[in-house]
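Remarks on the structure that follows.
The chains carry the letters A, B, C and D, assigned in the order they are written, with residues numbered from 1 in each.
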Amino acid sequence: MAGDKVDVKVLMAHEMETGLRKDAKGNLVPPHFIRNVTVTHGGKTVLSAQWGTSVSRNPFLHFRFKGGKAGEKVTITWMDNKGEKRTDEAVIAVPA
Amino acid sequence: MKTILSPAVAAVLIAGCATQLSDDEARQRAERVFRETFTHGNRQMAARVDQQDEAQALCSLYRNDPPREIAAKIEQTQAATLRYPTSGKLMGDWRQGEKIAQDGYGMRFTDPDPKRPNGGNCYNCHQIAPQEISFGTVGPSLYRFGKLRGNAEAIQKYVYGKIYNSEASLACSNMPRFGHNGVLTEEQITHLVALLLDPDSPVNK
Amino acid sequence: MRIERVLAGLLAVILPCAAPAQQDTQKGIERYRQLLAEGNPADLWEARGEQLWKTPRGPKNVSLEQCDLGLGPGVVKGAAARLPRYFPDTDRVQDIESRLATCMVTLQGFKPEEALRNPFSAPGRHSDMEALASFVAAESKGMKLDVPIRHPKEIEAFRIGEQLFYRRAGPYDFACVSCHGENGKRIRLQELPRLTDPGDAQKIFTSWPAYRVSQGTVRTMQHRLYDCYWQMRHPQMDYTSEASIALMVYMAKYANGGTINAPGLKR
Amino acid sequence: MDAKRREVLKTGGGVLALAAAGIIRPGEALAQEWNKAAFETKSVAETVKALGGSGSTPSSAIEITAPDIAENGAVVPVAVESRLPKTQAIAILIEKNPNTLSAEFDIPSGTDPFVSTRVKMGETSNVYALVIADGKYFHAVKEIKVTIGGCGG
């Protein structure tokens, strides 16, 4: 069995600062944004993305891949321009 | 038994009183609560909202629907505040008028620069030039205002007066009294008159 | 609102209301909202709020799990659907936020000023209150709003809120009713709910807290009122003030019966 | 990663992951490629070049799903689906933004040639979906109007 098509929706908590916004004192806030997003499943990359500053704050990502089975893990990692990194895992749900 | 019962009776009585809180009592309590809710920041601003003027107080009291004689009184006193430009010129530059109509800046507690002129917020409530698709509908559409009415002096005076003090012609209008309340200057109002009445304004194209 | 009745003669032409494009604009905006509904970033706040709720914090190092939100200590399911309400221990009518602050003080040992210090987030600065309120509201998702207006203090709050709703003041002459007194009106492209119409009120009141795309964060009902007064050119509304809660009770009277759909997603 | 939440919020063969606020730590190895030059481009033609193409051809096999009007430019939903065989990458370009390229996605085999995300738009602009398929460059374009919302500035 090839497994199901998996619908992946991700929300990420991140400011996604453009570097163009000024703070209350009128100083430019330095850019701070996610540059890379990688999604893996079973050791295989199922999506990799490069982002600029114009991806919206608290980014949303939706895509689909084939071959995932209920109960298996999907790993999502992002890294921003300051080198901060975060990895989350989600389990593929049992089809309704 | 009596001693146990009496507090319950008392409670019922209190509840009875509260449900019968008269409008005047409710209003007095609301005034106190209102004054207690803006204790931070700019005191001048707080003083200005604490103290309603006559029109504000009457319109609040009658929920913007005053009886005919009260409405007439409001319109009379508000008409007496109308001041037309000393230059006699009522129509300014529609291009500047468009900018003022778009601009929502001014008089909020976070607005820092007192040197920047206040905006008029006109598009928030009115359709004006057709190019701006993001317009409000709280007020009537002003699209083609001058096209339909011309720009004779009488209509210029009417528009100027409406912006200066809307309640001079309509008691308890939802529209701020921009001139009377010191939101917009005489000159700014003449630019808005032009936006609505100048044949070259996009409003009338 | 009353119609223009003094325009006799001079300005008798009533304009056709809007250009034909208006319909398309409205459809475009609806489509925009429909596409956004696919993922609500408020879910992130809800999740963080749940974590905050369950994590021992404060000088007493206890969680908020035993907080009494009106249905008894530890009952969070359905509590938001009955707020604001009167609480005998504080002798006040309290909303979600004011009650959460009470629990932070009584259960966790925070000072009152600490509990109320950071209600509204700013870029780079989270607000625990926004997260906690999102979680608490979400725990009533799908339930019917049933705010009690029975206790004398609840009734008094309603009466005060009613007065405040119509109170015009400031350089713009605005009251709440200036924008929320008629059906089918808009500011720019945003529909304005008529808050005394159950049809509108039931949809609106029940969708706060909400993620506001224009602000990139979740905002609470307290912030909604604070922001309204800001737009009304009033001074800064005190957080959890009696007036703010009175206005909520007034709105809740018309919103009761609506289904909780919080945290919502708004412009 | 101790304060991490692992929850599956949606059923039906899908996952909804919340990469929520929590413990963040500087990344270790995992040096990842980021095409700085491409993200600094100021026009569609420059971006295509920076992504390795010499030009691109319009294609009706690329579908952009986005609103005609955005209520707020800070969050504009844009989805791109390609029906071009051997789609390798999808990029989203916003012509009138200070920097044209917004996002680029590599699509390995087994992944649908479809992505949906949200972008910031400074003003009304054409939005381009650029697709690299079988080594060739194709695009579709859609105008999205950005309106002034709320009570205005």
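The working rule: contacts are C-beta pairs under 8 Å (C-beta built on N, C-alpha and C of every residue); 3 or more make two chains touch, one makes a residue touch a chain.
Since this is a predicted model, take the numbers as computed values, not measurements.
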Pair joined by the larger number of C-beta contacts - B-C, B-D: B-C
Chain separated most widely from chain A, comparing mean CA positions: B
Geometric centre distance via CA averages, chain C-chain B, whole Å: 24
Chain centre separation (chain B, chain D; CA means) in Å: 44
Where chain A and chain D are represented by their mean Cα positions, the distance between them in whole Å: 12
Centroid spacing, where centroids are CA-atom means, of chain A and chain B in whole angstrom: 47
Residues of chain A whose C-beta touches two or more other chains: 9, 11, 13, 56-57, 60, 62
Touching two or more other chains - residue numbers and ranges from chain C: 25, 38-39, 43-44, 48, 187-189, 213, 216, 231
Residues of chain D engaged with two or more neighbouring chains: 5, 7, 16, 18, 20-21, 69, 74-77, 79, 116, 118, 145, 147-149, 151-152
Each pair of chains that touches, named by its two labels: A-C, A-D, B-C, B-D, C-D
Chain B-facing residues of chain C, complex: 1-2, 4-7, 10-11, 13, 15-19, 21-22, 25, 151-153, 155-156, 159-160, 162-164, 166-175, 177-179, 181-182, 184-189, 192, 229-231, 233-238, 241-244, 246
Interface residues, chain A side, partner chain C - complex: 9, 11, 13, 15, 17, 21, 29, 56-58, 60, 62
Chain D-facing residues of chain B, complex: 102-105, 119, 121, 123-124, 132-134
Partner chain D, residues of chain A touching it in the complex: 4-13, 16, 18, 20, 35-36, 38, 44-57, 59-67, 70, 74, 76-79, 82-96
Touch list for chain C against partner chain A, complex: 38-41, 43-44, 48, 123-124, 211, 213, 216
